[in-house]
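Two complexes follow with subunit A in common, the first pairing it with subunit B and the second with subunit C.
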Partner chain A sequence: MLFWQILIDGFAISALYALGATGFTLIFGVSGVLNLSHGAIMVAAAVAAWAAAGLLHVNAYVASLIGIAVGIVLAFATYFIAVRPIQQSKRIAESEREIFILTATLLWGIIIQELVAYLYTNNAKTVLPIVEGVVTVFGVRTPSNEFFTAAVCWVVIGLLWLLVNKTRRGKAVLAASMNPRGVTLLGIELSGIYLTVWAVYGLLAGIAGILLGMFLGVSSYSVGPLTASAFSIVVLGGLGSVSGSLIAAYVVGYLETMTAYMISPAYRSVPALLLLIVVMYVRPQGLFGRR
Partner chain B sequence: MEYKAAALVACSTLALALPAVAADPIKIGVIAEAQAVAGSSIGPAAQLAAEEINAKGGVDGRQVEIVVYDNHSSSAESVRAFQRAVSEDKVNAVIASYISEVVLALEPWAGRLKTLMITPGAASDVITQNIAKDYDHLKYTFHGYLTSSALAGLVCDAAKDLLVTPLKMKSAVIVSEDAAWTTPLDAGYEACLPKVGLKVLDHVRFSPDTTDFTPIFNKIEGQKPDVMITGISHVGTQPTVQWKSQQVPIPMFGISSQATNSTFWNDTNGATEGVLFNAVSGPGVAVTPKTLPFVEAYKKKYGNVPAYSGYTAYDEVYMIADAVRRAKSTDSDKLVDAMEKTDYIGTIGHVAFLPKGDPHVHGLRTGKGYITGLMLQWQDGKQLNLWPKELANGTLKFPAFVKVATTR
Partner chain C sequence: MRAMFASRLVWIGIAMLAAGALLPLFASGYVLGLLTVAFYTAVFAMSWDLLFGFAGEVNFGPTFLIGLGAYTAGILDARLSPHISIWLCVAAGAAAAVIGGLLLALPALRLRGPYFGLTTLVAVLLLQSFIVVFAGLTGGEIGLSVPDVMSIDANTNYWIAFGFMAVSGAILFGLSRSAVGLILQASGQDSVQAGALGFNVVKHKLAAFVVSAFFSGLAGALMVFYMGTASVGTFVDIAVGVQVIIAAILGGRRTVVGAAIGAIFLISMGELLRPLGELATLIVSFIALLVILFFPDGLLGILRGGARS
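Showing the complex of A and B:
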């Protein structure tokens, strides 16, 4: 019973982590940007979906689409307001750009977080679930929404794989993540690739945020922990490695779920963070890192 | 020479006339959580009371002025706001916060800066226990909301009348967030639940950061209690939504501060259907003749219904104004004396403070004739009052997934 419980709950939460971390690692792989406004964008998308349902009285599907749109708009805003001006600035030394971008995205995330809290209070919101009710699997009563969440996450990750590996645009993105200079030598505009990646990122973060809002609920307090969990998953899996992130998401998701069930929900995130420290000592490039 | 004399006369007349024309306003500082549902009503409700008092000519010709400080739910920011309120903005009294940790941090400052402070929403018993231990220094603090142990008593009384007697419930699990206000609450529950006939099977305390309540609900379900007795305030939406989405078959009954707010139905997309929660007031429940007019005026001005701390904050402005009127002064010591003699019918009942010598000095008197509290239930988007019977406007009803003892 406990085994199945952990297996099912862990699978859903891990799938959600995987989706959230994929966008995060994609941005890093292609443009070297560690986007610390990640959690804020997820939360803003979820709160937008909640607000749309409440204020405009639209159904769960339309509300989710509005939330995803907000995620994409915010991803572009992050790129154009916080990232690109620093990348192109001649007054900031090349060697300092990364730290400037890191700080800028962190502050940008805090701005979004405070705006959400100011407009909609810091109390948690939940997005209208698309699937309601429960199903009993192996004696475990599970909300149907958990299966829906896991399914959507894997479909989206699958589509992303197709995009990257089977389309011309996607292959260019993949190439840029391996060797940006090589791509420019082939006559492909890097700025165009960046735009594509940020759009995909916004889509992924938006979907992940909304699913999280349906599954567990989000508040402006979730911003920090969400960024931190995406960050640790990505570091654990190896910065820039999408498959590494997916595996790391499952490692973290199951570690957390097992801790919550077998020790106490209060220590949920501790073992995963300890593992991260161990990996940093033993294999600093992460489990599947290339750099 | 004549000009000079005339000018002198004019000046002195002006100087004499000034205090009468523009008497110093009575300034009340409000330190509250503008971004939290439970705290966001405090400032607006105080403002509403001040405007009503001023419209009727103020307090002996003095206007009441509210100065609001957002503390971002932080004790450190609250202490800074308190210092600024007293030393720069020269407030005469402070209404502060719904968070016990914040009020406990401010309590010594109210003593040091000798400024009257009253909380409209914090619940920890330690606030009044501190005053009892060191009355001379801490007498400036008043507890304008029920203490946790008083709340526990009211929840037990309601549980007896609503769950034990009619539904034959026998066992309970206490579920509360780990915070200053729940320590005495849980102790109170442990003591009074067995007395009303509910055996306490377990006691679950969880971190207020918890986002996934599945393991907690699972554990509780395994113990097969008839009811979960709650103590939650910092959290609310997430456990409620997950209770519904996981269809946990055990009713939730107790304190759920966020559920007192009218927006809770939307925040939870209706998952709060069937949740039972203690409150000092409810929509449409005329606890006193002042309750409904206040709610109407608040709705008209702000477009929503106040949270529980809004009712108390509104009353507290009136109580402070009344104390100033009786003390004929804004001197803090005289104000404390006058506040101690408060005998006021507010929106939540008959307000009087416990006297010096009581272990909960400056806490509210509770029980018949004073404040009794209510037990409300969310039903179909509305908060209906079920208890006490004479103020009830609805009957107990659970969503289909909740299995009540008698049907098991």
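Showing the complex of A and C:
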């Protein structure tokens, strides 16, 4: 009973972690940017879906689309406001760009977070689930929404895989993550690739945020933990390695669920953090890292 | 050019010192209380700047060191109250931060860039979890109240904080301008080349971490005995660390003095804008973002640029 409960709950939460971390690692792999406004964008997308459903009285599908649109718009805004000006600045030394982008995206995330809190308060919000009801699987009563969440996450990740590996644009993105200069020499505009990647990132973060809003609910307090968990999953899996992030998401998701069920919810995040520290010392490039 | 820069920094420092020391003669208790907190934050930011600006290591977890100092001092005092001097607790807090800093830095310094940053971030999250889990000892999420305070007089508290900031600032500034500071700077910019020149990069970085930990822990411990409580929200939370980092970069990295200016500016702005409610943080973050985007050398850079032209 407990076994099945952990298996099912852990699977859904891990799928959500995986989706959230995929966008994050994609941006890092292609442009070397660690986007610390990640959690804020997820929360903003979820709150937008919640507000659309509550204030405009649209159905759950339209509300989700509005939320995703907000996610994409915010992703572009992040790129044009907090990332690009620093990448192109002549007054910031190459070696310091990383910390400047980290700080700028962090501040940008705080701005989004405070704007959300100002417009819609700090209260936790639950987005109206697209799939309602409860099903019993292996004697465990589970909200249908959990299965829906896991399914959507994996479909989206699958589509992303197809996009990257089977389309011309996707192959260009993949090539850019391996060798940006080589791609430029082939006559592909690098800035166009960055735009593609940020659009895809916004889409992924938006979907992940809305699903999270349906599954657990979000508030502006979840911004920091969301960014931190995406960051740690991505580092655990190896920066820039998408498959590594997926595996790491499952490791962290199950570790947390097992701790919460078998020890105490208070310790939920501790084993995953300890594991992360151990991995960093033993294998600093992460489980599947390239660099 | 370098000498001019250094001397201008010294002059700015002396002017600030004179203005700061005389302030209690004019200002109200409210302003003094605000600045007292700002001065401790300034020490946090200066310690962070020594590590980032000079050693080139991004420490995302300044609050790990601050929190260790604050909670060690607070718990000791809460347990042994009448039998222990608060200064002994403060010393113990600083020592705990140094030991914790060493434990964190020894292995973590093997890591580079974002990996080092993440380890320090994880250290904060772990400390936070432990504080919440061992609520019986630490007061958990509610916070720990400390039976003793340094003083109930606003002027005395102000002068203690101010003096502490001035002395720590002078030591950190002196260190950053010394030979050790130059070696650190070289290691931060190109550790391979610094190593090739025969400097022990790891040893110097470790020393920087220990100094940074000492001042962070000391400031955290002193601040506990100013506030009378220790809570996760004021000493450990990631948001506090973010504020320290923003203060240092906003003021002007690699200057030490700039970090202090940034911290005082951030805290004062936050308070000035408080009537705007939730918009206050929004506006402060927005200003900080603008400064970082358009004036990467920070507030001190603006001051310097204005004075030169």
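Rule of thumb we're sticking to: the second predicted complex is superposed on the first by the 291 of 291 C-alpha atoms of A that agree within 3 Å, B and C clash if a C-alpha of one lies under 4 Å from a C-alpha of the other, contacts with A are read in each partner's own complex, and residues count from 1 in each chain.
In this text, contacts are C-beta pairs under 8 Å (C-beta built on N, C-alpha and C of every residue); 3 or more make two chains touch, one makes a residue touch a chain.
Keep in mind that this is a model prediction, so the values were computed, not measured.
Visitor: Once chain A of both complexes is superposed, is A:266 in touch with subunit B (first), subunit C (second), both, or neither?
Guide: Both partners, subunit B and subunit C.
Visitor: Return first, second, both or neither, reflecting whether A:98 touches subunit B, subunit C, both chains, or no partner chain.
Guide: second
Visitor: Quick one: is A:31 in contact with subunit B, with subunit C, with both, or with neither? Answer first, second, both or neither.
Guide: neither
Visitor: With both complexes superposed on chain A, which partner does A:111 reach: first (subunit B), second (subunit C), both or neither?
Guide: In the superposition, A:111 contacts subunit C only.
Visitor: Thinking of the overlay built on chain A, is A:217 touched by subunit B (first), by subunit C (second), by both, or by neither?
Guide: A:217 sits against subunit B, while subunit C stays out of touch.
Visitor: Tell me which partner A:141 touches in the superposition: subunit B (first), subunit C (second), both or neither.
Guide: In the superposition, A:141 contacts subunit B only.
Visitor: So, does A:125 touch the first partner subunit B, the second partner subunit C, both, or neither?
Guide: first
Visitor: Which subunit A residues lie in the overlap of the subunit B contact set and the subunit C contact set?
Guide: 117-118, 266
Visitor: For subunit A, which residues count as touching subunit C in their complex?
Guide: That would be residues 34, 81-82, 85-86, 89, 91-92, 95-96, 98-100, 102-104, 106-108, 110-111, 114-115, 117-118, 224, 228, 231-232, 235, 239, 266-267, 269-270, 273-274, 276-277, 280-281, 284 of subunit A.
Visitor: Residues of subunit B touching subunit A in their complex?
Guide: Result: residues 35-37, 40, 73, 178, 206-207, 209-216, 218, 235-238, 241-242, 245-247, 258, 266-269, 271 of subunit B touch subunit A.
Visitor: If we count contacts the way the header does, which residues on subunit C are in touch with subunit A in the complex?
Guide: 52, 56, 58, 107-108, 110-115, 117-119, 121-123, 125-126, 129, 132-133, 189, 238-239, 242, 245-246, 249, 277-279, 281-282, 285-286, 288-289, 292-293, 296-297
Visitor: Going by the contact rule set out above, which residues of subunit A touch subunit B in the complex?
Guide: Touch residues, subunit A against subunit B: 5, 9, 13, 53-54, 117-118, 121-129, 132, 134, 141-143, 145, 216-217, 219-222, 225, 260-261, 265-266, 268.
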